[in-house]
Each structure stands twice: as C-alpha cells, then as structure tokens.
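Think of it as A, B, C and D in the order they're written, each chain with its own count starting at 1.
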C-alpha cells in the first residue's frame, strides 16, 4: 500500500470534547439504540445508560434499510431528540450520515459523524467528510478488505480530516450462525497500519446478544480502543435490530464484567 | 421477499431511444473504455467499435477508485467527450453517477445512468434516481446477496422509476485467480424474480481478458439480455482496469463468435 | 504454479469403455439418483433415462452426510444394484469412493471413481487413486481455490493416473439463495491450465431444480465437456438432495433443449 | 440441529494423562513445530519449550500439503522422534492423522490424535476415531459452518468417543491480508452448543507471527480453553509454515504476557 501519504502508522488520538480516544487512553463505550424511535425512547435509554456508565450516546436517525418499505428513521426530528438526550446526560452523541445533503444538519447536532458499512465505498461522501474537521467514525464495509478500509480512511485524511475512528463490525462470510463474522485480527492490524483508534461493534459483528459479552472482552484484550453496543429499553419492540439489542439491565452486567477485567477502576 | 410491491416478476422492457432491452429483444452490447481519458481516446475507441458493431457506448468520467491518489476521472469535461463520441457514432451512452450533486449533469449528457457496485447500498442516491425517469443500470454490489440486490432495485422502483437494467458483475469470494466470481445463476434468478432485463459484465466479472469470450457465451446461453465489455485502444496504457480490457481487434473476434452462436443474423 | 509436472495444459482425453470425454468429443451426460436407495429405484431410474438418453449412470452408495444419523448409503449392496442397472442399459456407472478400505470394491464394480467435494483435500486417498488406472472424477472442494484443485489433480497424476475428469460443483460463498455459487469461469480456466476434461454439476451447483436448464446451457456454452445431473423417479421421497433432483420427465425436457442447442445431432 | 444425541451442551472435560482440558481448568498451551523435520530439531525445540512452559508438544509427521512435491512429513520415523521428545520433557504429544492405515501407529505413539482442517469432512476417518477412546483434537474445516463442525464432532461421539477437543483455526474468506479469518465468536458458540473444550490456533488463524500475541489474548478473553502455537527453532529454515512460526524466544514473550493476564499463577 505504497499509496498512503497521511495514515502511515503514526499514532493519532481523536478528541471528542474532553474525551480522548486512542493511544493509551482507556477504552470508551458508545451505547444506545439502533434507531431513535421517539423522544421518549431515546431519553429513557439515555437516562438508564447514564446511571450505569456511558461515554458516547448513539442513535440512528437516517437508517440505511434493505427494504424501502422499512422504517427509514426520524430524520432531522430524531437528530434533535438525540442531541437533547446527549445534553441531558452530558455525553457527546454520534449518528450516521448517509448523504451530503444532510451533512450540515449532522455536523450541527452530532459530535461524531458515523459513516456506515454501506457507505464505506461512497467516495464522494468521504471527500466531503474530509473537508470538515468533525470526528468521524468509519465502519468497515461489509466485505471490505483491510486494504480497501485503509484507503477509505486515507480518502478522508487526504482531504484534510484526520479525526478518524475506525470501527470493525464484522464481515460477510459463508457462516450463517452469526449475522457477520467479527474479524478481531483487524484490530491490531488497523491500529498498526494506520495509527488510528479502532473500536469494535459486537452487536452487528455477531447479531446475537449472548455473544456481546465474550466478544467485548476479546475485543478489548486484543487492543480495541472502545466498544459500540446497541441498547434498547424494550428490544422486543425495537423497530430495527431487536435481536441483537440488549436492555440497560443486560448492558449493566456486561459493563461491570468488562470493567472488572480491563478498565482502570 | 414479501416486501416487494413494484418488481414482482412481470416482464419489463427498458427503452433507450429506439433500443429495447429485455423481453424477447436480441441481446445488446455495451462497450467502451473503463474511463474516458481524453477526447481523442474516447472518439477513436467509439469509431473503432462502430465499425464492428456496438449498441451502447460506455465510459466512466467519475471513477470510484480505491485510492484517493489514483486517477479520479475527467468529470464534466469527460462527460461531454463521451456524449460527443456517442452522437458521432449514433449510439446512446452510459456513464456512472456517484453522487447527487452530479445527477443533473449526468441526466443531461448520458442516456443511461449507471449505479456502480460501490453505490448499490447508497439508498439516498437510489431514491433520487427513482424520482427521475431515465433508464438506470444497477450493478450488483460486490458482495450483495440476491435479496439485497432485488431490494436495491425495488428502492428505485418504489420512488417511481422502473426503467431499470440489472448488471451482474461478479461477487467477492475467496478465489484469487479471478478478480471476482461471476455468478451466472443470478441471470435467470433476477430475471424471474424481478422481470427486469439482466446484462452481464465479464470484464469486471473475471478480471482477465482471456475469459471474456467464454463467459460472454455462457451469459447469453443462460438468458442474459446483454453484455458490458471494456474495450480500450491501448490496454497497456489504460489509466484503469487495463488487465481486463481488450482492444477493438479482440472485441471484433469476440463479437463475431458470440454473434454466430446467439444473435439473430 | 511452478510445482506442476504432469498436468501442464496438454489436452487429455479420458476413455471410459468406448466413451471419450474431453477434447473435441461431444459433451457427455452423467445422470442418476443422488443415492442408490433400492434395487428397484435405481433400475427404474436407469430404464427411464435409457429411453431418453444418457451416457453414464450415477448413484451414490457411500454417502458423506453432514449428520451421522442421516442415511449413509447402501454400501456394497447398493454398488451391485448400480452395476446391474448400468449393465442393463449398457452404460458405464460412476459412484463415490470415501475411503481406501472400499477402493477394491469400487474399482471392481464402478467404471469411474468419484472423489467428492469433501475428500478433495484427502491426499492419502488421492495417492491411492493415483496408483490405479481407473478413470476418476475429481470434484472441486466446496471452498477449494483453483490452485488447490489443480494440485489435487496433480496428486493423482503424480502417482501415475492421468485419467482424470474434473467436476465444477459450485463453491461456498455468502449467497444463500442458491446452495452453492456455480463458478463457470472455472471451466475454461481448468481446461486451459490442466488439459483435462471439465464437467459441470448444476444440481449441486445451484441446489434448485429450476436452475438446472439455464446453467446446463451456460456450462456447455463456455466449453464444459459434460454435465452431471441428479434424477430421481420421485424427488419428494428421495432420501437425500430431493430439492435439487428432477424427474425423468423433467430431465427429458432439459436434455432435448440442451441437445438442440449444443450437441451434434 | 435436532440431530444431535451425544453433544448437547453438557460440559465435558477431556483428560490427557494428568492434564485436564475444558471446564474450569486453566487454559493449556500446545506448542511445537509445524512439522517434525529431524530428531535433533524436535528435541531441541522441546527442550527450549520445556524451559519456558508447555503443556503439550505438537509436531506433524504426516503433512497434508497442497503440492505432492512438497515435503510430506517423516512418517513413522518422525512419530518416534516426537514421542521421544515428549517423554524427555514429560509432556504428552499430539500429531495429525490423515488416514485409517496409520491409525494404529498414531494411537500407539501419540497422546492426542489431531484431525486437521482438510479431514474434518472425512467421515470414514471420523467414524474410526469414534471407535477408539484416545483424546482427539478436531480442527474446524477451512470453510466449515458452525453446524457442520458440530456434526463432525457428533460423528466421533456417535461412534463412542467423547474425548474431543475442538480447535478454531480460522476460516476462509475474501480477506488476503491474513491467511485465514480467525472466527473467535466460534469459541463461546461451540462451548455452549457442544459442552466440549475449544482451543484456538492463532498461528494458522492469522498466518502472521505479529498477530499471535493479540489473538492469543483475545482467544483466552472470550473463553478459549487453550492455545495451539507453532514454534520453530529456526523459522527461516522451516520446511513448512515458516512465516507464521515463532522462535522459542518469541514464544517466551508471548507466554509471559498471556500468563500475566489470564493464567492462574
């Protein structure tokens, strides 16, 4: 990969407000619902998570769904709810951006911009993200090679923005027991190759809630700089990804066990 | 796939000017360079192809390259050259659209809008394409399942545009001998499931020029409504995809042999 | 693949009795049930196929099943029924060999020895097969690379047996619509690389009976030297692979259409 | 997987001499060269490992190589060297069995019988292994699904042998940066589904020695009952798998760091 000019392995620490991600900083946890479904739902979830512990609140308002007839997210309205919930519990928020036309709104309301798996190859969008200086979380494409993922990050960096957090979320393989195959070797590889912080999403990475705890431990053990976990106050009623979402109660158990082993107390 | 409302298997014939694609119409050949590199290059190629036989002229002007430092295409300038070459040899032209901001220009200059593999999941773009009535060629994502590909087409149709041509271009597998694994079973499957015309791209589908002829024959034998082939006047000097490009001379041989077996003479 | 000494691309025609497979010889059809289930079943199937047209009769007697509790085949008894049926309709027979201990029996009763996908990497068995001079049909492993498949054939050739027929039967990918992804590019590749005849199994290659006809046509169009098709007199009651089996009636339609297009009449 | 009768999730602890594997027993480390190359090489390696710490000594004497012209192992002679080295340092030994004809010899000289990836579907061999009571280490096939792997273990159990240790060694995917994609989610899944101990092979699982340490930590963090690591006194000169082998020195560093975090001291 002789093509790289910006991301060559030198360690980069990304700052989100007072929070530092990467390097020797303790791992962060991003938690929240797959989708913002209502003001009440995101606020309740946020308050429940605040009580346990959370570093960044997540919530999708623009949803890239396989079917055009599935719930597509609340849009701008949801974005405001998410921001309000984040301010209430005093943590930064992250949401996914799917296109340039919503860039301004997302930049205004969200502290981190997420580029989802389906847009990792959307080079036009990556260039736009490169032109601003907001932190961006770049998920690996569902069948993106290590090389392609590195170069997608390089696109953002080449256009001027190095505030990049990478997120391994599982790759597509023949295996059907899990939704995706979580490729944890990507954690040390991507940290070494790019110098960027790498977090892991065990919710999408496995698609099964009983695997979130063991995979969270494994992720941190091999050097992940954080975790991204889907939490819903009522997973049975979730408008998307209910099967892999956990309740705040379940999140608490995971957090405590993970904390015990790996976090500075 | 109970979610489908628009594309339910009823046969759809797509018209591009006087050309009809799909149904019982004879297969069409889309040929031309991977990228428009100069006015002279696209014009020379077009004239050479005209002499042999060609239905639609292709040429990329916005190029989704893995590296931000690779040639990104000539943009609007290239689009004008492509249009000019198409008019010169009196065939419609097709080019790839990567983002909404160039939609208007591509609609103006191109007869068919191509959505490339990397944007098959770009639902924001698919919705925009759905709102216009230009014919669109939707390539399969590089690891898109049959179901996801159907639903991507349904996105376009759901927003009002059924002038959709599907294009199988190979999927990503463990095999490294070929660039992709051409999934020809997708041809009868997608025709049956959606009713849309399906064409095959053996150039990207194999990545090796010696496989273009046998795979073209196989594609037509299982019902493909057309082929998309990369032709370059000097593959050694091509700015992209030289390895899988063929010369007009080589195209002639392929065309004649394919014609002999499958086309109405 | 500098390692090759025996299979270097020079064309090899395999003889099975009077039948010649490979080179410019017309394609052959191997048909019959997935498993020999009873004397009556294999005889009835054979007679029905004879009436239509068949070159080689297939039938498994040792079955490599995923579960130890599934029907494992009739063994030696089934082998005798298969042989008897083949003699009755005057065509050679083929059955799968799973281990060395049954080699002698299979050599005695079967005209071609099949090495199934699950044993392509069983190098001990390949060496034994190399030491005899019976024709062998070597299926591609379910995720074997082109290189590994070539080298598996080279194992057999290196130990002295070049009477090898290759069989593409689909590879394992992320796609779940089909049972496997039929990799037809492997046909011209393997013919060119090894010089051996290559046949295609559209039954296992797709797992869906409606795809057998289009994929048979495609296989022959890109140069396959034959087809291997699962036929059962009553697919609903088949002890294995019922979903991809066709009746003799359905086989007749496929045979006639394929014959019309590709066979010397 | 209603088909299971023997392995239904109840915890099984496998005993190898005094060593207990699985359940709440501390993780074990299996180390040694990919192949036994000479009496001196295996003895030197064993002595170096003994000094550091090792639970089981590995060494291949029957090697399933992609090319028939590559080193195929020392066979029975190598088996005796391995046994001698194991006795010298007082640890049990493990070696791979490729066929029934060497079963008796392997049972006599080896304390654990390894079934390699290429033979996971070799049901004839699995049945034979099921008839004896030696501990067996069953590697996952290179593209075996979770279900197929479970059923391969069930084959052994169904024929009477429940002394089974499972070994995740990476699966085949599109990714080429690593030799295989280590599927660590398989660890908690297989432990839960079968009750058997699961160990992880980060050497084959990644193919890169710099990834052995982080992946070893991750494996143990998600519950692996042990590790299998390739160690060679001179990786540059190894007759196979040199790229992923480490020296005893490098092994020492890994052992100490892994021990510090996870082992009972």
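Following the convention adopted for this analysis, a residue touches a chain if its C-beta (ideal position, glycine included) is under 8 Å from a C-beta of that chain, and two chains touch if they have at least 3 such contacts.
These numbers come from a predicted model, not from an experiment.
When the C-beta contacts at A-C and at B-C are tallied, the pair with the greater total is B-C. Taking each chain's centre as the mean of its CA atoms, B is the chain most distant from chain D. Mean C-alpha position of chain A lies 48 Å from that of chain C.
Centre-to-centre spacing of chain B and chain C amounts to 35 Å, using the average Cα coordinate of each chain. In chain C, the residues that touch at least two other chains are 143, 147, 172-174, 176. Because contacts link each chain to all the remaining chains, their graph is best described as complete.
Residues of chain A touching chain B in their complex: 3, 5, 64-70, 98-101, 117-119, 121-125, 127, 142-143, 147-148, 151, 154-155, 158-159, 172. Chain B makes touch with chain C in their complex at residues 143, 145-147, 171, 173-178, 181-185, 187-189, 192, 205-206, 210-211, 214-215, 217-223, 261. For chain C in complex with chain A, the touching residues are 143, 172-174, 176.
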